[in-house]
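Per-chain residue numbering starts at 1, and chain names A, B, C and D are given in the order in which the chains are listed.
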C-alpha cells in the first residue's frame, strides 16, 4: 500500500530521518497558522496517492501568511488525475545546495533489498537509469548479514561525499534501510533528498508497504482501502471490496478464470483470436458456488461486457460448483448476455449437465472457448 | 543441484491440521506420496487423515524418518515453519502458502541457501513425479508417467499444459511449480540443470509469465549450450497492462521490464519453440521428441 | 551490571513478559496504599543487589493493610549482608501451581546464547545442575539464525507443556530471549517462573547487563556504580571510582602488575613462596606516571599492606614512567613500607636509575621479586 | 586451518588514525610488517605514519593488495570494522580492541565462521612471526626467531614467558595471543592443530588462565594423540578468588568451573609439563627439545 507523503514522513521521523518542519492540514487557516509560527517561506503540497503532482500544480509556494492561506484555499478541492485534494502538507521551504536520490526496494533477481542512490535527485530514477545509468549507485543488501555502516559509508563515498558529509549521508542510508526493512517496504524513496550546507534532509518521502505484511503493521490495515484510490479504478475498488482479484481492461469480453496464469492465458488467447478482454478476474483455488456467482455477477453487471468467457480447469475447483454459480448469477440478474464456459477436471460432467440444462454452452478447450466468445461478442 | 522427489521420499506436512493441509494430505496420500508425519504447533498427539501429528519436526523425527516437507501454514507463520524444515535438514521444502511478505521470502531463500536446501515456492502448486509421488496441490488426473519435464511459474496454466501433453500421449516425468511470488527459491535455471541430468526427462515444457526476468535468464542459460534437450515454452500475459498485478504478486510489468514480449523474444532467440496457445507447447514437444 | 528486581521487571514489562502487579516503595505507607488498592494479599521483597535475600528475611508476606505497613516499616532500614534495605518491592501474592526456572546466559564454549529451562524452579539452578542435571533443558541459540518459535515450542515441550500451555510458555521464552539479546544481558533469569491455572508469570526477575555494552543502554550508565554495591567491597568501589582495575584479597602484600595475566602470575608466585597477596591491581597497558602513582598510593594506603610488589614488564608501559610514579607516590604519602620493583623492557635502565636514587630495590625476575616481597612482609 | 602471517603478509590497519592505531602501526612497520593501508571512516585521503588512509576497505583494495587486517577501532564500532574485514575476505582479522560487548563477539565469531575467516581476539595482543612480521602490540625485543610456538590467553604474561624462552636461546616461531575475553575467535585447539603441521615449530608453550574451559579442551585434544610435539604450559590464577573478574573479562571462576587447578590437572593428565613459575615453562621446553 502506498502511503501519502505526510504519513511516510511520520515514519521517517520515527526512524530518526531528518525531515523539514511540516504538518498536514485540511483547512486554509491552518496554512496561515503554520507559516506564522514558522516565520519562513513554505511549500504547500497536495496529498494524493498519485505521482506527478508537481507538473499538475500540486506543489505550490507561499512567502506570507496571506499567500499561504489563499494558496491552500485554492488547492483544496481541486482535482488532480481525477482525485480531489482533501489534504495538504505544509512544510518549510529549504535552502537546497544539491538534490540527491536515495531509495530502497526489492531486487527480484538477487532476492534481496537493493539500495539505489544517485547524485541526480529531483528527476525520476527510471529516467536516470535510462539516460545515465552510471550515475546510479546500487548496493545489494545481504539478507543474512544486513546493512552495516561500512556499506553505507561506501555508498556515500561513491556519491562523492567525504569526511563529515560522508558519515552524515551514511547515517541517512542506514536509517532509511532500517525503515524499509522493519516496515516491510516494497519501495521507499527520498527524491529529492536535499543536501544543505550542514547536512541532509528528506524533502520528499515515498513509502510503499507490502500488502502481504500488513499483519505486522496493524496500524496501517485500516488505511489500505483509501490508499488504493490512486492505484485502482472505481470498478477495481468495488471488486476489491468484494474480495475479488480483478483487473479492469478496455475491451468487451468478460474473462473469468481460476488461477492467475490460466486467466492471463485466457486473455492472451482471446486477444489472439481478435477479441479484447474487458477484465481479468481470477477466482483463485477452490472457489465456492457463492464466490463464482459473485464473480460472474460482477462481470455481467459491467455495461461494457458483451460476452463472458469462464475458463475453469478443475483441480480443487469443482465443475458442479462452477456451474451452479454461473447459473445462479445469470438467473438473479436476468441477464441475456452470452456466456461461454470451458470446463475440465473435477466434477466436469456434473457441471456440464447443470449448464446444459440452463442453456449455457460448454466447450472442451480454452482455444475453442475463446474463439466462440470472440464471435459472440462481435455478433451482439 | 536441487533435490526433488520420488516414490520413496518421506514427507512431513507442516500445517496438516488446517483445512488446506488436511484436504491435500488426503489427496497426496491417495496419489501415493509417503506422508509419514504432520506438524502443527499445539496439536501434537492427535491424528489427521491417519497421519500422526507432532508439535515440532524434531519430535516427528524422533519416531519417523523424514526427507522432505510441504508447508500449508498461514502466511504469518510460514517463514518460521520453513526455517524449521531447513534446520531439520529436510529437502526439498515446498511452500504452498500464498501471501507471504516478500521480506520473509528473502530471509527464507537466503538462509536456506546457506544450508544448501532447495526451497520450492512460496505460492507454488508444488512438484510431482508423475505416477510416483506429489508434493503439491495439482490435480493428479492430468499427469501420466512420461518423458516431459515441466517447469511453471503458475498453477492452473501448468495443469492445462500438462493435460495437453498427457492427451498427446507424451506424459510427464518430474513437474515443478516455481511459484507466483516475486521472490521464490527455485528458478527455471535450477530446474533446467536438473532436467539436463535427469535420465527420465527427454524434453521440457517451460511455462512463464510476465514479471521479473527469470525467463530471460533461462533463455540466456539455454543459449549458453548447457541445456541440450528439446524445449518448448509458453508465456502468459501478452494482453496484460503495465503496472497492474495480474493475480500473482510477481506477475507485474514494471517500467520496461517483465513484459511477455521480452520473454518470448529472448526464448525464441535461444532457439526455444514458443507457442501462441498453450496447446501448441504439447504439439511442439511431440515434434521435437 | 546487576539490576534490582524492580528495575528488571520494568524491562520485563517492556518486552511483554507477564509480571505480577507490583511497585517499588520506600515508605511503609505506600505498602498500605498498594494492598488497599490491590485488595489481595501481597509479598514484600527487599531490593538489594545480593542473592539469598529469602533466607535472610528479605521476603515477607502481608494479608492486610496494617500488616503490610508494619512489615514494610520493619524491613526498611534493616541490614542484609551488610547492605541497608532502602527500597522494597510490593507485589500481589500468586496462586502458584508449579515453579519453573527459565534463564538466558552466554555459553562460552559454544560462543552463543544458551537458554536454560527446568521444571525444578524456586531452587538455585546450580544446585539442580549438580543434583539432577537431566532436569535442565539447554538450547543453544544460533547467533546468525536467532531463536525461532519452533525452538521455543520444543523447549516448552521438553518441559512437559502441551497445547495452549506449550504455546504460552514458548511465547515467554521468545520474549525473554529478545530481552536478553537486545539488552546485552550476561544473564537474565526468572526463578521462579510461576505456572498459574491459566498461564505463566514472572514471580522473580534477574537481569545482569554486560558492562561493556552500556554505550547501547545509556539509561543504565548512571546506575552502574550503585549496582556494584553488593558485588564489590568498599575498597573495590573506591578503586573503581579511581578507574583502577582492583580486586581485594585477604593477604598483606600489595601487588601491582601490568596486564591481567602477569598480575595473576605475580599473585601465584607470591603464594608459591608462602606469601599472601592483599590485592590484585592491573595497571593495564601504557600507564602514565600519574596512573602508576595513583595505583601505588592506593595500595600503600591500605593499612593491611606490609609490603608492595610492583611487577612491570615494559612494552608500551615505560620503565621510567613506572619509576617516576612509584617515587612520587611514596614521597607524597611519606610511606616507609617496603616496595619491591621488578622491571624489564622499555626504558628499563632509566627506570632503575630513578628507583635506585630513591632507595627502592629493583630486581630482574618476577621470582626474585616475589621472594623478596614475601621476606620483607614477614619481616615488617 | 587458521591463517597466520609471515613477512609477505600485506596488512591493513583499521582505526589507524587513533592514538593506539598510530602508535602500533609505527612499531609494526619498524618490526618489518608490511602495512600497506589504513582505514578510518571519514579520514580517507590523509596519511598516517607514511601509510595512506582510506574510508573503507573496498576503496583501499582498489589500489592495494591486502591479505589481513588488524583492528584498533573503539569497542562500539569494532564489530562493524571486523565484519568489514571479513566481507573483504581478509584473513586473519586480528581484533586488538578491548571492551567489546560479548554479544558483538558472538556475532563476529559466528559470521566469520560462515566465511571461513580466522578471528584472532578480541582483546588480544595479536600474533607475531618472530623476526618476520607482527600484527599486534607485543614488545618486539622479547622475541627472537626460533623453534617454540606460543599460544596465550594473556598479554604481558605471554611476553614474560617469551622472554624466558628467548633468554634460554630457544627463540620463537609463531606466537599467538588468543585474547582475554570470554568469547574469542581462535582457541588453543585451533592453534595446536596449526602448530602440529607447521615445520618451523618444534615445541609449544601454552599459557592459560582461569575462566572457561578452553585449557581443559586443549588437554583433551592433546590426550587424543593428534598433537605430537613437546609442550609445556603455565596457568595463571591459582591465587584468584571465585566470582571475581581478575582483570580480563574472561578471567573469572564461576561456580566450580574455570579454576586454575582444574586446568592444571587436565593438562598434567594429558602429559603436558605444567610449570609452577613462568620461567619453568622455558626450562621444560629446553629439556623437551
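Please note the rule applied: a contact is a pair of C-beta atoms (placed from the backbone, for glycine too) under 8 Å apart; a residue touches a chain by one contact, two chains touch by 3 or more.
If you're wondering where the values come from, they're calculated on a predicted model, not measured in any experiment.
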Leftover connectivity once chain A is excluded is one piece
Per the C-alpha centroid definition, the whole-Å distance linking chain A and chain D comes out as 55
Whole-angstrom distance, CA centroid of chain B to CA centroid of chain D, is 50
Cα centroid separation, chain A vs chain B, in Å, comes to 27
Shared-interface residues of chain B (touching two or more other chains) are 111, 114
Touching at least 2 other chains, the residues of chain C are 144
Among line, ring, star, complete and other, the chain contact graph is ring
So the complete set of touching chain pairs is A-B, A-D, B-C, C-D
Interface with chain D, chain A side, in the complex: residues 144-145, 148-150, 153-154, 157, 162-164, 166-167, 170
Given the complex, residues on chain D that touch chain A span 41-45, 55-59, 77, 80-81, 83-84, 87, 111, 114
The chain D residues in contact with chain C across the complex are 23, 75-76, 99-107, 109-111, 114, 137-139, 141-142, 152-160, 163, 180, 182-183, 207, 209-214, 217, 234, 236-241, 244-251, 255, 260, 276-279
Counting only contacts in the complex, chain A reaches chain B at residues 106, 108-109, 111-113, 126, 142-144, 181, 184, 186, 210, 212-213, 215-216, 245, 247, 249, 257-265, 267-272, 277, 280, 282, 285, 313-316, 344-346, 365-367
